[in-house]
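Following this line, the structures themselves.
You will see two complexes here that share chain A, one where it goes with chain B and one where it goes with chain C.
Up next is the complex of A and B:
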C-alpha cells in the first residue's frame, strides 16, 4: 500500500488521531499506535485507548488498498518535521517508508492482527449547530472532576426535558449548568453521562466546523465533526442530584466588570500560593479582593462594583473563581452570595442560560 | 521580653491525671476508685490511670490486659478525645487570661512565661496559686505547678508538686513548688541524673561508666572527661542543665515554625496496635494545639527512635492543610507500620510543620449543615474507633462501673 499527501494535511490527521492513542506503556502495545487504512483514495487514521477513539479521514493520492498500525508519536513527529510539500508513505509487512524530497525514514510497524475491532455507530445521528455546542462545552466541561476515583464526576451530564437540553458538570466543589434550546439532540427524559475528556476533544474540533452529528447509543456516544469522528464509552452510574443545590434566592449580589475582575484575580493569584484562598470583601459599591500567604506577603485589589446586601467577606479557591468568571458570557458578571459557608452563584448579567455554582473556602 | 539581668518567672502547669479527671467530672460516683481510661479489649492500651490505679502499678502505655491483672477492680472507660480537647481548651483559656506567652506541650501541660504579669498579678507564688484556683473553679480540675526561672527547672519542680500515689493511699501533693532564682543548681543537685533532659538509658550507662551517678558528679567531672564519653555538645548541654541553666524561651505555637509532641516509652513498644494507640494520642495533642493556635499543617512528620537509639523520621506533605488527629494518623500510619516492622520503638514523635491558615474548601453536598461541627462529631467517633476498635463505641454507653 502506498499513498501521497501534503505534509500539512498528513501531519494534522496524525496529530488528531494520536490524541486517542494515549495508552502508551499499557498492557496492549498495539494501542500506542495509530491504525492507517487506505481505500478508494481516502486515508483513515484511528487512535484509541478503548475508552476514547478518534478517527480522522483525508483524501490522498493512491490507487492501492491496505491497512497497518504504526507507532503514533514517532510517525506524527517524523511527518511534522519533514519539509513542506508532498510526502510519500509506503507500507509493507516489515516496514513503513516515509519519503519527502531528499528525506527518507523507515519505521517498523506494530502488529495489525492485535489491533482491536472498532464498531460503527448503530443509531441515527442528530445534527446540532457547532457554535452553540462549542460555547456550551467551553462553559461546562471545566467543572468536571479530574479525579478518576469518582468516575461519575469525571463526566458531563447531558439531559433533555420538555424545556430543552441541559449540560451539567461538577467536581463537588463547583457546578456548571448550561441550558440549550430544545433541538433534535435527544428525546425529553433521555440523559447520558459523557466523559469530560472526550468532550474536550470535541471542543477542540468544533471551532472550525459548522455543525456536528451526534449518535447517542446505550453504551457509546459518537460525535462527527467534518472528517473526524470521536467515539467514547458512556459513564455508567447515577449522577448526583444537583438541582436542589441551586438556591432559590440570594440576599446579596454584586455586579462587576468581567474583564476587570479577571485581571484583578490574575494579579492576586500571584500571592495566593498553595492553598491560599482569595477573599472577596463585599461592601457598598465596592469589591475588594485580597490574598495573604503566611511568611510570603499579601495582595489586594479594589474594583468598582454595584452591591446590594450585607457587608461580608467570602473566600474562594482563586482558580475555581477565575474559571467561573471566565466561563460566563457578557461584559458583566453577577456574583450572588448567601453567606460565607453557602454556595455562591456566578452568572453573566442578562445571560440566564448559564450558571456556575461555587462553594466557598472556610477561613478562620 | 525582659531585661538581661532580671530573672524570668516560668510556670510549668501539669494537669493531675487529666483524662481520668475529665471523666470523673461527669461520673463523680467513680471518685476515689481506681479508674483506667483506655481500651479494655485484649489488645487495648492504657491511655491514663487515676492515682488510685497507679498505686497498683498501672501506668499509661501499659497493655490493658496487664493493667487488669494488676488492678482487677479498676473501672475501664473508653477515651473521649473530643471531650479532652474541649476541656483542654477551657484550661488553655485560663492560661491565656494570665499571660500571652503560653507554650502548650500537650493537652494536659503547658509553660507560661508570667514575667510580665507580676505587676498586675503579684508574686510568683500568688500567680501560681491563682492559676490553680482558677482552673479548679472554672474547669473543676486539679493541676500541679512548678515555678522557676527557666523551663527545665520549672518542669522538674511541677513533678515535685504532684499528688503522691503511695502503697498506703493517695496523698495530696504540694500543689505549687517554687525554685527561687539562685536555687536552681541546688534543686537540680538533689535529683537522679536520669531526670536531666536528654539522659536516656544509653547516656545513663555511659555516665555510670565514668562514675557519674548524681547530678553534682557532672558539675565536678574533670573538663574533657564527660565530653570524651558522650560528645562535646551533649557534654556541654549536660553541664548547663546540671547547674539548672536553660535559656530556651517560652515559645507560643503562633510564632513556632512547627508544633510537635513526642513520648519516650517506659518500656520499648514492639506491637503495632500499641504504637498506633500512641500515635493517635500524640496526633490528638498536636491537632488540638494546631486548632488552639488557628493553624493547619501542610506537612506532618513521624519521628521514631529504635531501642538501639537509631532515629528515623518520615514526612508527608500532600493535599489540603490539616488540623485533626484523624487526618494526621491517616497520613502517618503507613510510615508507622513500616518502622514498627523494623524493630521495637523507644520513642515516638509527631510534628506538624509548613504551618498555614486552617482553610478548607467546602463541599457542595455538605452545605446547609454546620460543617465544622459535623466534621468533628464524625472525627470524634472515628478517633475512638481508630483507637479502640469498631466495637468499642457500641459498648461505651452501656458501660457499667465495676465496683464489685
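Up next is the complex of A and C:
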C-alpha cells in the first residue's frame, strides 16, 4: 500500500484520529495505534479506545488498496516534523516508510489482525446546523464532571420534550442547561447521555462546519462532521432530576456588564488562592467583588450594576463563577439569588435559552 | 526457595520445542514447585519456566521437570557456581493501595451499602489462588463473593471469575454468586461481569467515609 499526501493535510488527519487512540484502558497495545485504510484514492484514519472512536478521511494520491495499524503518536509526530510539501507513505507487513524530500523514516506497524472491528451506524441520521450545536456545546459541556467516580455526571444529557431539545450537564456544584429549538433532532420523550469527552471533540470540529449529521442508537451515538466521524458509547444510568433544582423565582437580581464582570473576576481571582472563594457584595446599584487569602492579602473591585433586592454577600468558587459568566450570551449577565446558601442562576440578559445554576460556597 | 546460579543449557519439549544454549543463568525453584530460568536482564520475565504442579527429577548433572501435560523442561548443569536455599515462610501478599484497602474495610463494616440484607462472613476469605476480598451472605442466605476495586476493569472481573470457580469446589458454601464492586466500573467490564451473572455495584468512597464536604452541592 502506498499513498502520497500534503504534509499539512496528513498531519491534521492523523492528529484528529489519534485523539481517539488514547489506549486509556490499557486493554490492548494495538489500541495505541491508528488504523490506516486506503481505497479508491481515499485515506481513512481511525483511532479508538473502544469507548470513543474518531475516524477521519482525506483524498490522497494512490492507486493501491490496503490497511495497516501504525503507532498513533509516533506517526503523527513524524509527519508533523517533516518539511512542508508532499509526503509519501509506503506500507508493507514489516514496516511503514515515510518519505518527504530528503527525510526518510521507517516504523514497525502494529498487528492489524488485533485491531477491533468497528461497525457502521445502525440508525438513520438527522441533520443539525453546526453553529447552533457548537454554541450549545460551548455553553453546556463545561459543567460536566471530570470525576469518573460518578460516571453519569461525566455526560451531557440530551433530552427532547414537546417544547424542544434540552442539553444539560452538572458536576453537582453547577448545572448548565441550554434549550435548542425542536427540529428533527429527537422525538419527544427521547433522551441520551453522551460522554462530555466525545462532545468536546465534536465541539472542536464544529468550528468550520455548516452542519452535522447525528445517529443516535441504543448503545452509541455517531456524529459526522465533514469527513470526520466520531462514535461514542452512551452512558447508562439515571441522570439526576435537575429540573427540581431550578428555583421558580428569585427575590434578588443583579444585572451587570458581562465583559466588565469577567475582567474584574480575572483580577480579583489573583487573591482567591487555593480554595478561597470570591465574594459578591450585592447592594444598591453596585456590585463589589472581593477575595481574601489569609496571610497573603486581599483584593476588591466595584462594578456598576443594577440591583433589586436585599443587601447581602454571597460567595462562589471563582473558577465556576467565571465559567458561568463566560458561557452566557449577550452583553449583560443577570445573577439571580435567593440567599447565600441556595443556588444562584446566571443568564444572559434577554437570552432565556441558557441558564447556569451555581451553588454558593459557605463563608464565615 | 532454591537459587542456583549455573552455566546451563535448557530444553523445553511440549506444545513446541525450545532450546537455550549454554550460558550462565539463575535457576529459581520455588517452594510451590515453580521452576524459572532467568538471564541477567529482561526485567521480571524468565527465559523459560514451568508452573506448579510439576515434578522435579534431580539427576545430578541434569534436572528434568515434568508437568501433568507431560511437557518437560530439561536443565543441563555444566557448571554450578552457586546453590543456596532459603525458607521464606508465609507471604503476606501484595498490599493494595491505600484507597482500595480502605474501601474494602469500609464495605466490610457496612455491607448493606452494596445490597440490602448483605452480611459479612469474612474479609480476605482464603482460597488456593488468593483471598476473596469479601465473603458475605445475602438475605436468602446465599454466599456472595465480592471483588472490590477502585476502578472496575476487565481484569477485576476475570479475577472474580477465578475466585468463584474455586469457591464452587467448596461444597460447604453451597451456590456462590459474584458481586463486582468499585468506585467506577468501566462499560466493558460491566458488560463482561453481567454476562457472567455478577452484580455490579458502584460505591461512593467519600460517602462511605462519612465525609461531609465543605462545599454546598446541588444534590
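One rule holds for everything that comes next: the second predicted complex is superposed on the first by the 362 of 364 C-alpha atoms of A that agree within 3 Å, B and C clash if a C-alpha of one lies under 4 Å from a C-alpha of the other, contacts with A are read in each partner's own complex, and residues count from 1 in each chain.
In this section, a contact is a pair of C-beta atoms (placed from the backbone, for glycine too) under 8 Å apart; a residue touches a chain by one contact, two chains touch by 3 or more.
Everything numeric here is computed off the predicted structure, so don't read it as measured data.
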item: Partner chain(s) touched by A:294 [first = chain B, second = chain C, both, neither]; value: first
item: Partner chain in contact with A:233 - chain B first, chain C second, else both or neither; value: second
item: Chain B versus chain C as contact partner of A:363, first or second or both or neither; value: first
item: First, second, both or neither for A:149, with chain B first and chain C second; value: second
item: Which of chain B and chain C A:343 touches, first, second, both or neither; value: both
item: Which of chain B and chain C A:170 touches, first, second, both or neither; value: both
item: Chain B versus chain C as contact partner of A:51, first or second or both or neither; value: second
item: Partner chain(s) touched by A:274 [first = chain B, second = chain C, both, neither]; value: first
item: Doubly contacted chain A residues - partners chain C and chain B; value: 170, 172-175, 240, 242, 245, 317, 341, 343, 357, 359-362
item: Chain A to chain B touching residues, read off their complex; value: 170, 172-175, 240, 242, 245, 274-277, 292-294, 315, 317, 341-343, 357, 359-364
item: For the chain A and chain C complex, residues of the former touching the latter; value: 25, 27, 50-51, 148-151, 170, 172-175, 233, 236, 240, 242, 245, 317, 341, 343, 357, 359-362
item: Residues of chain C that touch chain A when the two form their complex; value: 151, 153-154, 183-184, 186-188, 202, 204-205, 214-219
item: List of chain B residues in touch with chain A within their complex; value: 294, 298, 320-321, 355-365, 367-368, 371-372
